[in-house]
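Labels for the chains are A, B, C and D, by order of writing; each one numbers its residues from 1.
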Amino acid sequence: MISSSSSRLLDKIRAWLPALVLSPSFAAILLFVYGFIIFTGYLSLTDSRLLPSFDFVGLINYQKLLGLRHWNTALKNLAIFGGLYISICVILGLLLAILLDQKIRVEGILRPIYLYPMALSFIVTGTAWKWFLDPGFGLEHTMQTWGFLDFQFRWIKDRNMAIYTIVIAAVWQSSGFVMAMFLAGLRGIDTEIMKAAQIDGAGNFQLYRRIVLPQLRPAFLSAFVVLTHLAIKTYDLVVAMTNGGPGRATEVPATFMYSYTFTRSQMGIGSGSAVIMLAMIASIMVPYLYAELRQGGKT
Amino acid sequence: MAFLDIIGVTKRFGSVKVLHEINIGVEEGEFLVLVGPSGCGKSTLLNMIAGLEIVSSGEIRIRDSRINEVHPSQRDIAMVFQSYALYPNMTVGGNMAFGLEMHGISKSERQALVKEVAELLQITPLLDRKPSQLSGGQRQRVAMGRALVRDPDVFLFDEPLSNLDAKLRVDMRTEIKKLHLKLGTTTVYVTHDQIEAMTLSTRIAVMMDGHLQQIGSPAEIYQLPSNLFVAGFMGSPPMNLIPAKIVNGNDGIALHVSLHSGEMTALNLYQPSPGLLNQVGREVILGLRPESITDPDSADRNSPANQPLLNRIIITETAGSDTFVKTMLGGVEITSRMRGDSEVSANSDASLVVDMSKAVLFDPQSEQRIS
Amino acid sequence: MFKLKATLAAAAALCLFSSGSVFAEEKVEVLHWWTSGGEAAALNVLKKDLESQGVTWNDMPVAGGSGVQAMTVLRARVTAGNAPTAVQMLGFDILDWSGEGVLADLNKVAEEENWDAVIPDAIKRFAKPEGVWIAAPVNVHSTNWVWANKAIFDELNLKQPATWDELITSLDKIKAAGYIAMAHGGQAWQDGTVFDSVVLATGGPEFYQKAMNELDEAALGSDTMKTVFDRMAQLRGYVDDNFSGRDWNLATAMVINKEAGVQFMGDWAKGEFLSASKKPGEDFLCFRFPDSQGAVLFNSDQFVMFAVGEEQRPAQEKLAMSVMSPAFQQAFNKVKGSVMARTDVDASVLDACGQQGQVDLAEANKSNKLFGSMAHGHGAPSGIKSAVFDVVTAHFNGEYDSAAAVEELAAAVQAAK
Amino acid sequence: MSQSRDNSLPTSHFTRALIYTALLIFAVYYLLPLFVMLTNSLKTLDEIRAGNMLALPRSITIEPWLKAWDSAQIGVDPSGLKPYFMNSVLMVIPAVLISTMLGAINGYILTKWNFRGAGVMFGLMLFSCFIPFQIVLIPMARVLGLIGLAGTTSGLVLVHVVYGIGFTTLFFRNYYNAFPDELVRAALLDGAGFFRIFWRILLPSSGPIIVVTIIWQFTNIWNDFLFGASFADFDSQPITVALNNLVSSSTGVKEYNVHFAGAILAALPTLIVYIVSGRYFVRGLMAGSVKG
């Protein structure tokens, strides 16, 4: 009798083991991610300045936030930056992957060249880009000393164009990674399908547009998720390249949030901007996650 | 009480019932084949025997002790999977020895057992290879070896031959049959291929939509399918199912069937059950195997109930040993099996012989066999 | 792998040792952002001094954004209940922290050493708010300086401009001669540094105090302020096209390399000249921003002491005394380019510019013309400072005209209060 | 890559030349910043001040490299980056191993032991990849203080593990999703338990995805600045903080050559990881992580 009840206990443990093993990770995520999100949400409703305070003030911080001119600038910049960055990375990554998939003899050398920027920290590559784009001693200067006296490239100094230089550097960092994802996707496609399509008379362009690209859907999705995540978190790069300038022309939500929370001692407003950022991330990610989970449920 | 008892087993996923009160008893040494179209629940039942799925209600017993709650590894069963499920990171030898190792068998003993089984299956030269270096047939053998080496109470096979090409499948089928004859281990084998079912089994359980349709020896299943589904599913080509009507014939009761021309003909029932005698006028479905509607030369001369029939041939299909001939009977297209050298041609009338001693009748509404 | 093991073993041994020892080791942990050669070397003087008194110096440098990173780190450390012993801090950041009740009380040491008598009141405002000494000031930087290339001045026969008009005349001449008249880096704090000086020069000391320290609405919205913005726009005409985002030291290099005539920058610029082997008076000139003579805009680096356990108090007090010792103040400021926070120390160890700075500081202190620099966090809390930067930078980059800038400024300051 | 498969299109010599040209132009684009850093790290400061940053050095000096490594002023001590390198190593190795291990076992549970609510759990874990780290600084500091890990390498490891789990779990879940369930069943029948199946069957077959995960985690953790600066003590600061101290001192002479040399030094481990395992990286991505 005793042995049977103890073996039943063992069975119970066995049944619960997976959940049990998963639970520490899950508990950590609940506390360190969702607990902290709630905490931030609460802070955004308080008069916290230098350090967290728990005096409730309602929605005043949000009112202030929405009235701030460069919060709007930051959002607008994120839209421009995010849109361009994601689409250029995807297009460039895809193009490189397709080109690299044409039995290129030096692929082994080219691939790491395209990939390595992802390995570097922006604390200094940002500086290198800043140098390179600086008209005084960078590309423009070099081209002029080479005799192209009319050559001009001063976007980084131009209030209206500076955000695009950030796009250039950011694309530089991540497009190689996207290339790797697409390359992996391409290598996973059944070659017989491609042969069949060629026999069916599809031209090169048609072949890729109609046959290959639709099969890269998972790679597109993964790339999109990774890029969105990077776009929204972009912080180091902006700080290293323009520090939000010229003026405040390249402020993005991440730099905004950091500066209000930590530099300006307006933790309440900073938290408010964080909450809005999270809401934006959620609005993009939740549909993706939903699709992901539904698919997971089927298998 | 049988060796392996499946008693009133039901499986629910949420509110969906996928298995309905299955009752099967498998005797020791028997080779039971679970057959049915995909989605009929046969694999689920197999997995429940293995302990890989929880039994929603009912009981599974081996040697008369309940195993519902027993961990898969303690049930003393071994299983061969459709995809073979060979551990990709281990050698063939490692794959075969893994289960023994898990059961705490010493290394030297493991080596001896693996060697023995490898020789039996003629895979000794493969023992040091990785699964990725093997052909499909070799993998199949290794998968069987892995199961054999455990010397279990019960073997479970989950569509083990469906990933092989046609020739290999036939060879392996024979191989499995030989092994079973030699070892005599109780086996439950799942397949959707009715030929495999017929050739391998000592008994067949036909399933559909989570219900057990019929269980019996291959001959029973073939000769006396218990309902229209079994009749249509088993046999290749399947049993002809011909709408007919019971009438009073010149010699007892008979069945009225329409010919190609639309004329009606009467086929006398051979030893009809007494219950049918007063059911004149009832619509039934007449089940006849293709070989029971054949040319006079091929007919079974020993049959007590051969009846001639003249009908128009629609098309003939030559298959070497047999020729299949299509005709219209009872308003449906039916298949006859004739000798390979029979000289019939399309669009001509030919005389056929119907062996009414092999006829079975079904009720069109309940679809059950009328005994 | 072996090395890793050895390190681990050593670490373990160290743990055993330290937990086994009975006497609490005297040690201080100092969070600061002086990481470059000169200033770090200067700080090393302090470290050596403490070590000679048996106090271990645990260095916690976090550079970046004039202490922005360090302040973030500080917040994390204080929140974790793991505050450093002392933290380098500027102006209003100190006052912000003094309100949080996490700082130490240095009154005992201050009394013994008579700090009250030797530290200018304007600095005491930060080091001793509400009657309690919480920080030891290290230095005083002055921000209303002009740094000029002497060769260009000689070549064009220019003398040091003393008034705004003279300045403009000089700038015009430099520009006409084909040099960049004004070396400048378009970063918010650099724009702010120039703005500070222009406010002081245009409105005079009282106006500066009203607008930049007291945040008086009338002053912020006044016509004088409009003139200030007009003058900023005027200066904008003397910078090169590439100024945006340039680091201040690159701008200084332009003056050093005879590409540009002048730079308006704090006294730390001197370090760049010195490290390029240039001599004050011979290769470069330092003089007060025209029309601001006699007044000094300052920012002062201070070591703010955080409340630590009793056993760390003696070490902390030793650190405070060391910081305030004349020897350290001399040694440090000689390297750093700033002047001494103590007004009673012999300044002859400093170079010519430094000596002048020390004299200016004493005089300005006496005549109440020593003001906290807005651009460097000594004029107003950081929220307001940033708001002012927003407007100044936007205007300097041509986002709106002077009249609009005045309105924006008043509104922004109001909103950030 | 294997020679047997071939997605390449039949192309003329002209198009192939075009393809090569395009690929080379992009290679130049990707190499430019590294080129700028490398050439300038080999110049003297005077040469950098004097002129063209795209020009090759007139005379090569390795002085900046030596200085960045062991004599540059990081704080009070002219220690160079050397001591901080070890701090980073001591932090990165356990953090990468633990987060990879947890990701693997989580992925295993989520795909092979699906239980009620696992989907929601996974969704919540995945979403955690996307929170901006700035918001967790203050509460995380408090938690680390409470559990006594403030200012320690262990604390940093904890932080990196927690915020790495989301991605590592995602990688392994997608990989194991494609891993046949029948293998797990076979192992169960063979008598292997929950952990044994993981150790003996899944983990040994996870090479490609382990490579991807380690590369991803190693890069992110090694390059992290925010957490390293905020949660480390004087004796546990990682190399990125030291590098930042080297390059972004606010008032002082900027030795760009030393900065660039230091930057490359600090990036060497990640660069090596990328270059050495780049081929496995694509293979690993292929093996599952780009499948939805």
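Keep in mind that, in the parts below, a contact is a pair of C-beta atoms (placed from the backbone, for glycine too) under 8 Å apart; a residue touches a chain by one contact, two chains touch by 3 or more.
Since the model is a prediction, treat every value here as computed from it, not as a measurement.
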Which two chains share the largest set of C-beta contact pairs: A-D
Look at all chain centres (mean of CA atoms) and spot the one farthest from the centre of chain C. B
Where the centres are mean C-alpha positions, what is the separation of chain C from chain D, in Å? 37
Take the average of all CA coordinates in chain A, do the same for chain D, and state the distance between these two points in whole angstrom. 15
Which integer distance in Å separates the CA centroid of chain B from that of chain D? 56
Junction residues of chain D, two or more chains touched: 138, 140, 244, 247-248
Spell out, as numbers or ranges, the residues of chain A touching 2 or more other chains. 14, 51-52, 258, 262
Taking each residue of chain C in turn, which ones touch at least two of the other chains? 65, 72, 75, 79
Touch list for chain D against partner chain C, complex: 49, 73-78, 86, 89-90, 137-138, 140-142, 144-146, 150-151, 229-231, 233-235, 237, 241, 244-255
Listed in rising order, chain A residues that touch chain D in their complex are 14, 17-19, 21-22, 25-26, 28-37, 39-40, 51-52, 92, 96, 99-104, 107-108, 110-121, 123-125, 127-129, 131-132, 137-139, 141-142, 145, 172, 176, 180-181, 183-189, 191, 194, 204, 207, 212, 217-219, 221-222, 228-229, 232-233, 235-236, 254, 257-258, 261-262, 267, 271, 274, 277-278, 281-282, 285-286, 289-293, 295-297, 299
For the chain A and chain C complex, residues of the former touching the latter: 49-52, 64, 67, 69-70, 130, 134-136, 154, 156-157, 159, 239, 241-249, 258-259, 262-266
Chain B contact footprint on chain D (complex, rising order): 180, 182-183, 185-192, 196, 200-201, 204-205
Can you list the residues on chain C that touch chain A in the complex? 65, 68, 71-72, 75, 78-79, 96-97, 99-100, 186-188, 240-246, 381-383, 386, 390, 393-394, 396-399, 415-416
